[in-house]
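Structure, as structure tokens:
A, B, C and D label the chains in the order they appear, each numbered from 1.
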Amino acid sequence: MIDAGILPVFGACAPDPMLETLRETVLAANRALDASGLVRLTWGNVSGIDRGRGLVAIKPSGVSYAALRAEDIVIVALADGAVVEGRLRPSSDTPTHLALYRAWPAVGGICHSHSRHATMFAQAGRPLPCFGTTHADHFHGEVPLCRALSAPEVASDYEGNTALAIIEHFREEKLDPVAMPAVLQAHHAPFTWGSTPAAAVANSIALEMCAEMAIGALILHPMLTPLPAYLLDKHHQRKHGPGAYYGQGE
Amino acid sequence: MIDAGILPVFGACAPDPMLETLRETVLAANRALDASGLVRLTWGNVSGIDRGRGLVAIKPSGVSYAALRAEDIVIVALADGAVVEGRLRPSSDTPTHLALYRAWPAVGGICHSHSRHATMFAQAGRPLPCFGTTHADHFHGEVPLCRALSAPEVASDYEGNTALAIIEHFREEKLDPVAMPAVLQAHHAPFTWGSTPAAAVANSIALEMCAEMAIGALILHPMLTPLPAYLLDKHHQRKHGPGAYYGQGE
Amino acid sequence: MIDAGILPVFGACAPDPMLETLRETVLAANRALDASGLVRLTWGNVSGIDRGRGLVAIKPSGVSYAALRAEDIVIVALADGAVVEGRLRPSSDTPTHLALYRAWPAVGGICHSHSRHATMFAQAGRPLPCFGTTHADHFHGEVPLCRALSAPEVASDYEGNTALAIIEHFREEKLDPVAMPAVLQAHHAPFTWGSTPAAAVANSIALEMCAEMAIGALILHPMLTPLPAYLLDKHHQRKHGPGAYYGQGE
Amino acid sequence: MIDAGILPVFGACAPDPMLETLRETVLAANRALDASGLVRLTWGNVSGIDRGRGLVAIKPSGVSYAALRAEDIVIVALADGAVVEGRLRPSSDTPTHLALYRAWPAVGGICHSHSRHATMFAQAGRPLPCFGTTHADHFHGEVPLCRALSAPEVASDYEGNTALAIIEHFREEKLDPVAMPAVLQAHHAPFTWGSTPAAAVANSIALEMCAEMAIGALILHPMLTPLPAYLLDKHHQRKHGPGAYYGQGE
């Protein structure tokens, strides 16, 4: 999968400080995902993008988090997924990451996990309603459920078609990926994203907590309805957008 | 937000040992909250008050617990929330803390978190019944559910109005904030308090455990009723009040 | 509460190696209980007995596990609960422990906690059926639910009457405390016991796991019935009794 | 139980490097099982096999994981369970392990635990449906429920008959133990296996997660049906079989 035509540009002999920084950022985000308790075994991966150079850094496939080093992070081309640097095979979900980056220019990092409670919703085929301000702080409304792929879609380009179904869903439902940085794929699990790899991981953590609290709330009140729109808007704007006053304004 | 008229009184050059102690106490309580597992990301904050000087110390907004140092704790004026010491922005929930301190003179510390099981009750819009002695040891009866704010209340002074709704609820229901050091706010999450910041955190931990055990008890017995009043009184008085014989009598 | 008539016998000046061993054993068991994750705050206590001398060692009331040292463990007289050694007040549950020791000579250690899933059953007022071999390995049949105390029983000698109700229940139901080293007290929580303090803690851990698995099994199969008697007997005898072949035969 | 006729061959004086490697591998897998959080107390065991020499290494019975050392791992003969090396009694489940190794030549390691959510399904007497891709990645279809043993089977050779019932179930249902490396035994708990002891442990971890997510999915959607066959096949083949492209191709 190594594209010889690109290799000379980012030659293996000359270390590239910008790529090293990207690899370190993506390594740290993968370690944060592991430390969060959201992943078991190797069920998760985080990527980050250098938009200026059209390069994506992503976890190698099937490598345990404990053993992961910066040099194991694989650099692939945004355009076609060709491996630009790295001796390992990139995550099998790489085509999904790349297609989302190509469709949504505001995304700087993507996180995929099979975190337990978010995956329960994905497996049950239910979107995640916004039942409280914790949810509203991170996701502007119901976290959507993306349809399962058809048999032909699975047979031809499974991971690429996964992203196409997500992108299609967001376009049809007029969802803004900045205000809604998460999706649940039916039968599968969540994907989240953000302005950076760390933000993508934080959104996965938030999604998992919201899913767990939603299941408990539904046990206590099976007919529960979402919180009022004015509360949803207030909490989301408190943290995001021009008038945000949560945090230190970084 | 810095009130220049107050700054000279607590000048930045002369370290103030009483404020340092308050900051250390509040820092320790925030760290205890983090260590308890009740918070994820930055979803929680603890404050403490120096009643003599009318000053409140509180966690800065959106700062991770791991990075939190004593000098990051923000000192604000009880009267108007003006920042008296500290380079960071105080928690966005500061107006809620201040209004509760102003209404209830016996309160020495306040803790807010989105702990999972307590938040499930808040999101489901159900108060937390007293199903056992664990609950009775800490909370004298059902932990109340405070109504959600109206759209105008959210639009004008959201965090301040949150406290006003809680205070109004306690007054109308004739609840004593010393015997009932917790509330669940609908659609949102719990607030707890106590004689010190550490006691407020302990009450958040107790509330979370009671909420988790109540959900399980309701799964096992959906029509479960609260424990008898004589058991509630006995357990609460064993730990609190003049005849208390639990603990070392500190 | 110090009984001056007993103090000279176990004089404070002459260290007593047998009491030191008992204190260390009880300290270790309390730490094991804390490490097990079954307790929050100070909601639990373990005791051990020296039958030859009629002395019981127990955790002091309301002291955090992290701060607990051997010299904090309180020595009380089996006969009347008088404090024989120790500067701290013993656990408020001490009268319950003592009455169980007096009633059941085979018991060498007692553990009380408010562990979450066992407490859910106690609060729901349901005994814990034996749904599997994990349960059968430790408890020979359904873990009984002991009735709540009446108002007069609570008013007169709450902690002592707690034990009397348990003992009465075991006698009426012809339960052997060796084969059934656990009870759930209605509205309250579990007590477990064993031949040593460590065995009592292990039974609390086993009870908690069995309770958690029973709730899940009931969610999956609400009409679930207990496992057959021949399997219950087989698993219990594999670990206990004359033909036991589990473990190293210690 | 020591078979004197075999002892001279693997003499106690001459250390056997191949057996040492097997013991270290089995020790590491038992420690990984403990670190996974799947076991409490001593409720689990992992074994590994040296097919060339007909020897199986297994955890000793009832020994805590924290205290476990390589020399504690017991070596038994595949053919008859005779202890070949080791001073401790092997796991009481040894006959189950041995019978599975004899029936299924592709199995290199076996893991038994009472992990909570998998055991809930076993206790409830329900097989574990494949509700998502996490499951499909590890188990090709529904994880089967093996019937409980009859009273005569329990009375004669309980642990051996456990394996016979599992083997019979796989033969009757035409299940391939390589594609389906797990079983739930009714009233009891799961067994998993794999090409190595570490793979067997990984399958136990995967099974536990899939069981937990299935319970949550069933709470959200009680009539949930398994994922489509084409998705099951795709995910299983992505990780296993000739065209696998997950991982680093080791």
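Following the convention adopted for this analysis, contacts are C-beta pairs under 8 Å (C-beta built on N, C-alpha and C of every residue); 3 or more make two chains touch, one makes a residue touch a chain.
Note that the structure is a prediction, hence the values are computed from the model and not measured.
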item	value
Neighbouring chains shared between subunit A and subunit D, ordered by label	none
Copies subunit C and subunit D touch via same or different residues, half shared test	different
Whole-Å gap separating subunit B and subunit C, where each centre is the average of the chain's CA atoms	34
Chain centre separation in whole Å, for subunit D relative to subunit B (CA means)	48
Subunit D: positions in contact with at least two other chains	218-219
Every chain pair meeting the contact rule	A-B, A-D, B-C, C-D
Residues on subunit B engaged by subunit C in the complex (per definition of touch)	131-134, 137, 202, 205-206, 209, 212-214, 216-221, 224, 227-228, 230-231, 234, 238, 245-249
Complex contacts: residues of subunit D adjacent to subunit C	40-41, 43, 60-63, 88-89, 92, 114, 116-117, 119-126, 148-149, 151, 154-155, 158, 187-189, 215, 218-219
